[in-house]
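Remarks on the structure that follows.
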Amino acid sequence: MTSSDILSFDDRPFVVQLDAFSGPLDLLLHLIREQEIDIADIPIATIAEQFLAAIEKLGINQAADYLEMAARLLRIKIRLLLPQPLDDDEWEDPRAELVRRLLEYEQTREVADLLSSRATARAERFPRGWIPDPPQPLPPEIIIDLEGVVGAVERVIDAMQQPIIHRVVPRPLDIEGATKRIRELLAGRSRLDFQEIVGERPHVSLVISVLIALLELARLGEALLVQAKPFEEFTIVGESPSAAA
Amino acid sequence: MSANHLAQLLEAALFSASHPLTLNELRGLEPDVSPADVRKALEALREHYETDEHAFELVELAQGYQLLTRREHAEALTEARIAHRPRKLSAASLETLAIIAYREPVGRAEIEEIRGVAADGVLKHLQDRDLIDVAGRGEGLGRPLLYRTTDTFLAMMGLNELSELPRLDQLAVALRPLAEELPETEGEGEAVPAEEQPEDS
Amino acid sequence: MSANHLAQLLEAALFSASHPLTLNELRGLEPDVSPADVRKALEALREHYETDEHAFELVELAQGYQLLTRREHAEALTEARIAHRPRKLSAASLETLAIIAYREPVGRAEIEEIRGVAADGVLKHLQDRDLIDVAGRGEGLGRPLLYRTTDTFLAMMGLNELSELPRLDQLAVALRPLAEELPETEGEGEAVPAEEQPEDS
């Protein structure tokens, strides 16, 4: 049989495409249905040749699954050619297993078609399309057991080489006081050094208080902060119309 | 809609989920509410959507509840490119799903035997799409993975449970027991060595 | 809801759209409908949701129209974790996560050897869900990506750190027996990882 034969059986157009078949059983079933062959009495010799021609035509002859089926068909064909034993009870139809598989596959196809139409119907109904972003995941549950905590504390203590003890003395910032003091000083003179406001060896909290107070006064337009160079001492100029120049 | 607080909560929940919610999940919305209360409120919602001709309806899917638009709007929505039909499954995927749905839990070898094609690519694809998952391991050589269909599969098919599919003997192609069909077929015969591992399915 | 066909279509569209819809997009639903018609129908919908005390409302944002659940339900939804119910992880995902958690950083090849199944789909899925991320690249051929679990994974498991996981030898269904089984599985048999590091971290 040549490849042109595969194009027509009984003069009917016979067009096959590679992706039209989901496997060798599908192709086999197609050949059988196309020619209205009784599945229980398959003319194996004909079908085997058509199958081989078809996979060659389709360019799928490299596919192991198809080749395996082709080999199987040829084996069945050969076995049918062997003389049958006289005793019928001993003889079994070499096509039986193939027929069983074809029927099973046909049934699978029927279910697949059913699923396909169900999925198509279902696909015509849409769920809500916009789902808000999930909020931040909830924090993990925290499991605390005393033993674990004690153990962790001991590990931390062991890891510490020297205990460092800090003494913390509360000394709140006094921005109001600093502001008042700067205003008083500026009332007497037009220029001040930062040092003059905070005095010798000031506490850090005083420095910060004064700094914030100065920035606030500058914002209010009561003082001008002048610094000649970066990192240099800066001068506070009282911002009255006369002192601005 | 009535001022029923439970019905409102249920609607809010169903509205903000893109997948079916089970009765248990819905019960979590309100403490001390019985399954019967939830069912009654759901029924009221269903009726309300029907009576007031809302564009969506309450559907039971995958043993849960979900709001879905009515089929009659499908065409207008897809033509206006507002909603999109999901991609169709390939024949290979559908056949594999068909086999798993009716035989689960089932291993790769059996699926390949029925389809006559290697199945690993399709199985992976179906797993990635969450249409099947691994149910466990079989007893045989190499303890093969066994597959089953998922709730996503049910939801995709518009099924509440697998038993809604027709029984195999209700299909047009009913597989009669082999013995009836072809009395002479037991045992493949020695002439075909190593060809066919006897499957016990 | 009135029998107004346009209002139904608009509701269907607003319900199923994945983004806020502009007046123009909404007009695409029905030929020859004027912006005024659409606005009127939208207003009717808005009023209906209000009057019937639906759990959602029609909101006009800069980008267009949208149906959103009312604020007052947010808490109940979050508490019931329905708005963002984590989908159940498939067995494939769980197995892969378990392998990564116990062996991290670990490459795809090793995961595939243990599970006996291709892992790229699952790995992508887990990455998408922020349960694993890439820890770096291995030394071997092609410098494979190495994966590790994320803080999200820990949070989901209710763990503070990976070391809180039960040790491998305490696990009833440990990963190790699975690996020991490998030589029997068809094909991949020879490639059993030689390193069976007893890790306890």
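Should a chain be cited, it is by its letter among A, B and C, assigned in written order, with residues numbered from 1 in that chain.
Criterion: a contact is a pair of C-beta atoms (placed from the backbone, for glycine too) under 8 Å apart; a residue touches a chain by one contact, two chains touch by 3 or more.
These figures come from a predicted structure and were not determined experimentally.
**Q** Kindly work out which chain lies most centrally, taking the average of its C-alpha atoms as its position.
**A** Per-chain C-alpha centroids compared to the overall one single out C.
**Q** Based on CA centres, what chain would you say lies at the far end from subunit A?
**A** Centre of mass proxy via C-alpha means gives B as farthest from subunit A.
**Q** Determine the centre-to-centre distance between subunit A and subunit C, using the mean Cα coordinates as centres, and give it in whole Å.
**A** 7
**Q** Can you compute the centre-to-centre distance for subunit A and subunit B, using the mean CA position of each chain? Integer Å is fine.
**A** The answer is 24 Å.
**Q** Give, as an integer number of Å, the spacing between the C-alpha centres of subunit C and subunit B.
**A** Going by mean C-alpha positions, subunit B sits 19 Å from subunit C.
**Q** Can you list every residue of subunit A that touches 2 or more other chains, as numbers and ranges?
**A** In subunit A, 126-129, 131-132 touch at least two other chains.
**Q** Spell out, as numbers or ranges, the residues of subunit C touching 2 or more other chains.
**A** 12, 15-17, 83
**Q** Considering only the defined contacts, which subunit C positions touch subunit B in the complex?
**A** Checking each residue of subunit C against subunit B gives 1-3, 8-9, 11-13, 15-17, 21, 25, 28-30, 48, 52-56, 67, 69-70, 73, 76-77, 79-83, 85, 87, 90-92, 95, 116-118, 121-122, 125, 181, 184-186.
**Q** If you look only at subunit A, which of its residues touch subunit C in the complex?
**A** Counting only subunit A, the residues touching subunit C are 126-132, 134-135, 137-143.
**Q** Hey, which residues of subunit A end up touching subunit B in the complex?
**A** 22-26, 40, 64-65, 69, 72, 75, 79, 82, 91-94, 96-97, 99-101, 103-116, 118-129, 131-132
**Q** Mind pulling up the subunit B residues that touch subunit A in the complex?
**A** Subunit B reaches subunit A through residues 15-19, 59, 66-71, 74, 77, 82-83, 85-86, 88-92, 94-95, 97-99, 101-102, 113-118, 155-159, 165-166, 168, 171-175, 178, 181-182, 184-189, 191-192, 195-196.
**Q** Residue numbers of subunit C touching subunit A in their complex, please.
**A** 12, 15-20, 66, 68, 78, 83-84, 152, 154-160
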